[in-house]
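Have a look at these structures, which come just after this line.
Below, chain A partners chain B and then partners chain C, in two separate complexes.
Then we have the complex of A and B:
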């Protein structure tokens, strides 16, 4: 024990390390800073896990387009506990994004970004962007179908930039198309550039926390006045604060411990993410999905009106980043209590709800056709009873032409187009013929795929689809008698 | 709490091989199992050939069908397609199955839905209409006796001689419809009771009726047997 103390004193005398660390450990934090303040520490813990597991993975992973996918399978199946390493890295990545979002939400709701902590918030915003970039480049590291098509979408967005589109895409992919150099480029970003940036930003974030202190719990009426805030805050901390270690640190440790147990449980039970199918662009029978941090974006982009895509994809992210950075400048003084800032609480609620809803839409993606609907979903019996031979042939054409992949009958089938259970009450025979042949409203034209007999059959079948007590749709004027001598052509 | 026991169980759990998230050897499903047949059918065939009144085309979950159709006929239809709406399923023709898988599929479907004793008994009628010659004149008489009760007199709207219908269905299709029927939709099989025919039709009468319906095709279509 004496030897240990002696060694520490020897080091202390020569480095002054304790003199540097002690203020960090024992600086005073608000007494009322209870469990609300643990989310930042948990985010940092997940980031540390990312670095440790990431370094371990980098010792085995082969960052080459030809071998990456195989090397992941090698890690999963051959390396002892390699699957666990990948599972921890993957789940910790998602957990880091979620925890960071919760941390940010708490800081926003408590208005901790107000004077003098504006730069704490702004470094936090850049940490969020860095983390999302790490998540995206990490998805590319899997080098499977999700990675390939995710890159394709990223490149397509870069391609939309006016004038410099080609150059932006070449910069992203390391060439005109996704190739071997693309993976190396993203590997360099994922293991050198972005973690370096994240570590630097975390350091900056911590320095600012020490410098400005942890904000107190907001109280209605306790307004922030920049000219006097710092002096009063420091007085309060001196008089009423508690040292960070052990008071606040123990809560951080308990919460981080619970998070760690949760992380290990998730990793052990659900295992690693992917790798999915091999990244072969000729395999079109694939259903690529982004990772969860981008699912809401996938949902939003899929639901955009086509005409607005370029404008929204290029401008919206810039606006979001600008607004996030501008938050502490838009209001850096005054009330911090959520009860006194109802508009901000509403804004946070709307944002969280929108992201949750878009994540749900992205996960279920009802706009995707059910690719095997035509061959796996039978025509319900209520739609086959009492039909003529031609209408039954129409039901066959309906399946064969894969209408079912986008349209549902009796609730089963694609949701991209409208359900057709009662289509005959909405479109007349002639309107149905026109819709089938010419398409429109996102529906392809089938005029070249179906001949006149097939069209007549399928429209005959569709004309029978209506509830028994509702009248058929009629073309205006169609009930007038035809002029005598007019040929009736079916 | 016995902490040593807890520690021992934790170590056992961490070092065990059967971790839920751990790597699992992928077990390929053998294509000669009935489970494979059922799943291949559900994915590839069920959309049209379902059971009962479900499905637009001929139901295959149907002992009546398997009593008449020989393996060779079904394999031929699946591999190379048939008529205008049945695609070819052989890999060489762009489909999803190898020829071995198609043979397994047909044998699997027969054991799933065919008669349990393997009885067929329908060979007398299982002759391709391309081989048996039907007499259209005799067929017209059979039609007005046995079929017109439900299908209406010759040439009525929505009938089986609607020229558009005849452009979509092959002679094989006409023959299948006559032989197998759609009993759940009210159309009896060839050997079941129908108006004026308590014991159904003979194989020759089936050929005659198909011959007569086929003869009603629009003129430019008659040359080709199976459009």
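Then we have the complex of A and C:
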């Protein structure tokens, strides 16, 4: 024991390490800082796991467009515990994004970004951007069909930048096509530039936490007055604060421990993400989708009105970043309690709801045609019962002309266009002919692609699609059904 | 150290430039040396940065021109039909692997008359598929639809499909290909 103490003193005298670390460990934090404050630590833990597993994966992964996909399969199937390392890296990446989002939400709801913690918030915003960039470049590392066509989408968006679109795209792709230099460019970002930036930002974030202290739980009436805040806060911490280790750290430890066990369980049970199909762009029977952190963006891009989507795609991200950075400058004093900031609570609620809804929309993507709907889905039998041969023929034309790719019957088929189960109650025979031949309302015109016999058949079929006991649609201006008394007079 | 104590600027000899006019000779020399050092570092830094920056923005400054690629005999594209064709990108790099493979749709309007469409949807670049029965191209991403002549039929694309320039040499159909098609160019 004495020897150990002696050695430590020897090291301390030469390094001053304890003198440096002690304030980090034992600085006073608010007594009431309880479970709300664990999410930042969990984010940092997942980031540490990303670094460790990432370095391990880099020892086998081949960052070359010709071999990346094969090397991932090699890691999954041949390298001992390779699949588990990839699973940990993938699940921990998602967990890091989720924890960071919860952490940010908590900081926003408690207005911890107010004086003097404006820069804590801003470094946090840049950490968020860096993390999302790591997630996107990580998806590219998988170098499968989703990665290839995801890059295609990135290239198409860069291409829409006015004047410099061509150059921006070339910088993104590292050349005139999506290829070897694209993967290597993203590899350099993913393993050197972005982790370096993240580590530097985490360091800055930590320095600011030590300098400004951890904010107290908000209390209605306990307003932030910049001119007196720091002095009063330091007095309160001195009098009533508790040392970070062990009082606050123990909660972080419990939460991080549970997270870690959960992570290992998820990784072991569900395994690694992909790689999906081989990145051969001539295999076009693919249905590219982004990873979950970007599903809401995929949804948003799909739902934009085409006329303004270029402007929105290029300008909206800049505005979002600007607003996030501006948050602490727009209001850096006054009340912190959520109950006194109903508008901000509402804003947070709306944002979370919007992202959740867009993620759901992106996952189900009702705007995408079901590419094999026409060939793989049966015609529901109740829609064929009692039909004439012409109408049966129409049901065949309906399948073969790929109508089912965009229109559903009995809930199955594309959701791009309206469901047609009761179309005959909404469109009359003449309107159906017009709609099929001329299209419109985001439907292609089939006039040139169906001959008149096919059109007659398919419209014949469609005009039988109405629920029992509901009348057919009438052409506006056509003779209205007469009241029952009038019929006998006529 | 005694020198800095003598000074009255209050900055503790930090070299901030507010030294009194009666600074000693060695201090003047130090100020000069600092300027020379800053200048040399600046020039050296610029000289180093120049190749680094040019290297990094190289992809945007280097010009790539398309090259005529042989898609095969014209007889493999029957009149009135639209067929799938693939080729190796002529401006591929050694490390491209499978990603150098490229696909396109070849429509033979009548003997000797062709339209060659890029596989990429004009909306966000996803690969469009041809449906012979309805004579439509459909995109799996956001539902862009095109007619058989490549013109936009429905969905979010801002224009029709990108077309490659083509020519027939002898019996072979050639297209002018290479760069990933994009809105800024006609391809």
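Going forward, the second predicted complex is superposed on the first by the 470 of 490 C-alpha atoms of A that agree within 3 Å, B and C clash if a C-alpha of one lies under 4 Å from a C-alpha of the other, contacts with A are read in each partner's own complex, and residues count from 1 in each chain.
Following the convention adopted for this analysis, a residue touches a chain if its C-beta (ideal position, glycine included) is under 8 Å from a C-beta of that chain, and two chains touch if they have at least 3 such contacts.
Please read all numbers here as calculations on a predicted model, not as lab measurements.
**Q** Between chain B (first) and chain C (second), which, if any, makes contact with A:160: first, second, both or neither?
**A** second
**Q** Once chain A of both complexes is superposed, is A:177 in touch with chain B (first), chain C (second), both, or neither?
**A** second
**Q** Quick one: is A:149 in contact with chain B, with chain C, with both, or with neither? Answer first, second, both or neither.
**A** Touch status of A:149: second partner only.
**Q** Name the contact category of A:400: first (chain B only), second (chain C only), both, or neither.
**A** Both partners, chain B and chain C.
**Q** Determine, under the contact definition given at the top, whether A:65 touches first (chain B), second (chain C), both, or neither.
**A** second
**Q** Which partner, chain B or chain C, is in contact with more residues of chain A?
**A** The partner with more contacted residues on chain A is C.
**Q** May I ask you to decide whether A:279 touches chain B, chain C, both, or neither, giving the answer as first, second, both or neither?
**A** It touches chain C, and chain B stays clear.
**Q** Looking at A:416 after the superposition, I want to know if it touches chain B, chain C, both of them or none. Which is it: first, second, both, neither?
**A** It touches chain C, and chain B stays clear.
**Q** Which parts of chain A are touched by chain B and by chain C alike?
**A** 374, 400.
**Q** If we count contacts the way the header does, which residues on chain A are in touch with chain B in the complex?
**A** Residues 76-77, 83-84, 87, 267-272, 372-381, 384-386, 388-393, 395-400, 404, 451-454, 456-457, 490.
**Q** Residues of chain B touching chain A in their complex?
**A** Its residues touching chain A are 19-23, 42-48, 50, 52-57, 84-85, 87, 158-160, 162, 164-165, 167-169, 177, 184-185.
**Q** Taking the touch rule as given, give the residues of chain C at its contact with chain A in the complex, in rising order.
**A** Counting only chain C, the residues touching chain A are 57, 59-62, 64, 84, 86, 89, 91-103, 119-120, 123-129, 131, 133-136, 138-143, 145, 147-148, 153-158, 178-180, 182-185.
**Q** Which bits of chain A are touching chain C when the two form their complex?
**A** 64-67, 69, 148-149, 152-153, 155-157, 159-160, 165-171, 173-182, 184, 278-282, 284-288, 301-302, 304, 306, 309-310, 367-369, 371, 374, 400-403, 405-406, 416, 439, 442-446, 448-449
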